[in-house]
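As written, the chain order gives the labels A, B and C, with residue 1 at the start of each chain.
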Amino acid sequence: MTSLRYRFAEQRGMLLALAIFIIMFTLYVSNHPAGFTPNVVQTAANKGVLLALVAMAQTFVVLTAGIDLSVGMIFILANCLASYVLAGTPVMVGLGVSGVLLTGLVCGAINGLLVIYGRLQPIVITIATGAVFFGIALWIRPYPGSADDFSSGLADALTGKVFGVFPASLLFLIVLVFVVWVPFRRSVMGRAVYAVGSSEPAAYMSGVPVMRAKFTAYVLSGLFAAMGGLFMTFFTYSGEASLANGNTYTLSSIAAVVLGGVSLFGGRGSAIGAIFGALAFRAIGDLLFVFDFDPLWQPLFQGVVLLLAVSLGSARLFQVRNRLDLFT
Amino acid sequence: MNNDYLQLIGVSKRYGGITALSDVCFSAARGSIHAILGENGAGKSTLMKTLAGVVRPDTGAVRLDGRELRMTGPAQALDEGIVCIFQELSLIPDLSVADNIVISNPPTRFGMIDRKAQQAIAMEALERAGGGDIHPMELVKNLPLSRRQIVEIAKALARKPRVLILDEATSALTAADVETVFGVLRRLRSEGIALLYISHRMHEIAELADDCTVFRNGRKIATYPAGSKTDDEVVELMIGREYNSVFPPKAANVDHAATPVLAARNLGWMQRLNGVSLTARAGEVVGLGGLDGQGQRELLLALFGVLRGVNGEVLIDGVRRSISNPRMAKARDIGMALIPEDRKTEGLMLPMSVRDNLSFAAMSQISRGGIVDRKAESAAIDRMMKLLAIKAASPAIPVASLSGGNQQKVVIAKWLMVGPRIILLNDPTRGIDVGTKQEIYALLRQLAAEGAAIILYSTDYDELIGCCDRVLVLYDGAVKRELVGAEITEHALIASALNIDHHEAVA
Amino acid sequence: MTTEKLDTNAAPRPNWASRIDLPVATAFGCIILLLLIGSLYSPNFLSPDYLLQQLKVGAFLGVIATGMMLVILLGQIDLSVPWAVTLGAMMASAATAYGPMGEMFAIPFGVLCGVLMGLINGIGVAYLRIPSMIITLAVNAVAQGLMVAYTGGFAPVDSASPAMRYLAAGTIAGIPNAVIVWAITGLLAVFLLGRSTFGRAIYGIGNKEAAAYLSGVPTQRVVMIAFAVCGGLAAFGGVLLAGYAGKAAQSMGDAYLLPAIAAVVLGGTSILGGRGSYIGTIAGVILITLLQSILSVMQIAEFGRQIIYGGVIIVMLLLYGREKSGR
């Protein structure tokens, strides 16, 4: 019973996701016409990071045994907002970035307040708030577009390559993990989030600040979803209020989270796992392209993978011994 | 020694129509182990919850070392140094042992949890609690119940309590563990902590306690130094209740030669049922006794097909049957009914009308081809409401607006509509007024006379004595003793429930 | 620990009946309000022709919302409605193109596809205990994938059968067929919910699934069938829409998900399940349809609708859908 064994067990879900990702990515790169070149990796990284950010957002909420169906819409809203404010002088760009992130925080806070103080179920409330967020996005960007004096400096820096080889977006993601996720996980509030998701009554009895933990989770979720949207703008230089896109990101974030070993029932998993889950999910989708499958089959393929992932991740029939427990 | 270190003064708590605590004045001394005794419903757990900050008393005050405490939740109680050891209710399953031990107050460094310090604290606490073999990084959900209990104790110790309350804390422990825990408790006593020890195990109390207090019906009855009363005297203190129930005479028309309608052999499930065997014949009322949580509820659920992975056999009319869900249990050829424990969450759909609730289990009787026959339904409902004297303005009002007694009658009537021959009842008269109780007793006798086999789990000793032909007392998931006819007395029931009796178990 | 059992000799709870009447009455009140507002913008808002037109437009949503109501009554939700609608439309049109046999069975075929989709949802929710929100989202994505692959990503070229057109666009004695179809669907729904054992079971399960299960009701089967019916009705709505427009279209169902949920919830059906009457859903559908008309008369674009649907659902939830505090 060494400590190493326990550390291993702790990370099991994430390691599995990592394994899946490595397999998928190897398949992808080895069959790609251009091979394992910096450009191929960069494109893959950029697309992967987008989903990874949204998956991280979803992780915070899922850890509390909730779910956030508005992450995709916060993503879109941030994207549209950024397409306006990433313009002008570096100072203005800096303000713009802050504004977008703040918007994400506010969206998350709204979700959190409604779930906690309204005592409403996250499932339905986030569908509704998602609609409102999307409506706002559509209002500010009825048609895809970007600001006239769009400043591409920051965008290029973060979607380009560092030292000509390593994708900047990945570096950003790694920095984010170390600067935000790891401290969060080790913090008292982070522990509280896990406790609440694992067993809310036990957490309450143990004096854990349940409401504050949930609120923190939703606010962080909004923040990360907004980062994803911001990144999308870096990538495309523009903003588009696409309902289909938003829905896809929401749904993919759930699949990524499940693939990454985060339990939909709360209390278990890590955002790092969700990142690998997101990358793996993206890689699976891109596999079709690389194997010369008709791109028409891609949505179906992704849909089926999604279905399998969420079914396996959330089916709980097999663990329950007292059937009455199924109804609670 | 401070004799009034922990004080409750005039504390009362009511839940709706039930008085859980009534003007309780209680004090515990510093540096002592104070045992709290009482049967089910005496108020012990409400007392504990009040001290733990989970429940706020209606009247009265709680004082610690002379200072009045104002507690708005468990966090405040913990801050005051009042720590409760639950039966593993407060452990977070997906976190490690170390995480759980320090959960309410983790050591931090630069705002982040200091894992090394946490590990050290955890190991020290585990050592003190006798759990030195438990690895701090193990996840709580992977531990067996006995180990979890030790972790719960370690968690309490790590909080450096001033008052420590243990509620049945040793129920899942092995004998060796218990000895270790006793050592810990004695050491804490010498350190000046006030310990409250809620238990049913008389021999443990004899070994450990300095003082004892008996509760009954929410009142404190007596406080006395440990060892100054015999077990019998203590039992009398616990049960002294006025007899205010009249029971219908028990009939003797049970055909003992016939095959039992229901028989169970060696039922086992998880760790809650450990080889239960019983029989029930047509016309018999068989009682299930024993303390709360000894497997009675699980037994009834197992018979009714709700539990998965049940070992052993169930025989209906002498034929082995496999019942895997309530639908099968309800079917004509088996004919079982279960009046469940909690009528609000398992027996009724509260917002729905009396009519809808009444006919819910008997749909196949009052419908044809899936369409409800309104006339047949009305007739059946009228019949039931008359039979059970259900007081409701009309069948259309929501069942939530009925009194508790009438609600329970609706649950029973719902099942009677199906015409069952085996009726399982899970504490049916809990929280019900005396008048309705009488009606239910009479009904049970009548049903038995008409040929039903009835299994009645009750926490009310009067009921078991007055209604049942036989009583099986359960302890730790098995039948410890069978009492027949005149053998069923309060004394015998409590004694077997507390397992201080020396008679052999009869299957 | 022992649990205390409460005696409800305390104040009686609000009458179940009056709790659904209030939202329904409010809904009808809002309808009248909207009609008045609309008439301020346009004089012929209150004309019988226009009102009938509204009913016709609302009929499609009405059929879809009927299925959604069943699922919401159970305390679940069906987010696969968008592509169930599109699936039904496309499959029915595809069958039409298949020849005279296909044309005859176009409508049942389209509906059947929706039923199959609903069955998958139902099995996942009832037997595998997968949260309904998740599996219906995933099934929605699979259906989308299937249709994209089938149509090659282009707009479908198959057109609707004459029967479909007749059902959706024709009239009998001046009343649009679509309205008649909705009326028949509604009557069946009322009958099902009020007079059948299946309907009783739905209310029971939505109220307290544990109690329904312990009463020996086949809860799993009921849930599965309810989802199948919802899928079938959504597909039927799609079939009608295709008949109305002459052909199916990509993503034609996306615009119906939120309105369907909003209509059911506005009509007083509790999102937590177990409470609601069909009259309320009818009111909700009319309300949403009128709202949409007014929004387009006032020339408020799509974004306004999204915000309003979301806002409406939130407000209804805050008013009627809150869970009780456990402490």
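In the analysis below, a residue touches a chain if its C-beta (ideal position, glycine included) is under 8 Å from a C-beta of that chain, and two chains touch if they have at least 3 such contacts.
Just so it is clear, the structure is predicted and the values come from calculations on it, not from any experiment.
Chemist: Looking at chain pairs B-C and A-B, which one is connected by more C-beta pairs in contact?
Modeler: Comparing B-C with A-B, the pair joined by more C-beta contacts is B-C.
Chemist: Based on mean C-alpha positions, I'd like to know which chain lies farthest from chain C.
Modeler: Using the mean of the C-alpha atoms as each chain's centre, the farthest one from chain C is B.
Chemist: Just curious, how far off is chain C from chain A if you go by their C-alpha centres, in Å?
Modeler: 30
Chemist: Between chain A and chain B, what is the gap in Å from one C-alpha centre to the other?
Modeler: 45
Chemist: Check each residue of chain B and list the ones that touch at least two other chains.
Modeler: Residues 86, 89, 306, 325, 346.
Chemist: Would you mind listing the residues of chain A that make contact with two or more other chains?
Modeler: 201, 323-324
Chemist: Enumerate the residues of chain C that touch no fewer than two other chains.
Modeler: Those would be 210, 213-214.
Chemist: Note which residues of chain A are touching chain B in the complex, please.
Modeler: Those in contact with chain B are residues 1, 3, 6-7, 9-10, 183, 186-188, 191, 194-195, 197-199, 201-209, 267-268, 320-324.
Chemist: State the interface residues of chain B toward chain A in the complex, per the touch definition above.
Modeler: 52, 54, 73-75, 78, 86, 89-96, 99-100, 103-104, 106, 108, 111-113, 115, 135, 137-139, 269-270, 301, 306-309, 325, 346
Chemist: For the complex, which residues does chain C have touching chain A?
Modeler: Counting only chain C, the residues touching chain A are 77, 79, 124, 127-131, 133-135, 137-139, 141-146, 148-149, 152-153, 209-210, 213-214, 251, 254, 258, 261, 271-272, 301-311, 313-314, 317-318, 321-326.
Chemist: Sort out for me which residues of chain B touch chain C in the complex.
Modeler: 15-18, 20, 40-41, 44-46, 48, 86-87, 89, 167, 292, 304, 306, 325-327, 329-330, 338, 340, 342, 344-353, 356, 359-361, 363-364, 367, 370-372, 374, 396-398, 400-404, 407, 414, 418, 430-433
Chemist: Could you pull out which chain C residues touch chain B in their complex?
Modeler: Touching chain B: residues 1-10, 12-13, 15-17, 19, 195-198, 200-201, 203-204, 207-208, 210-218, 274-275 of chain C.
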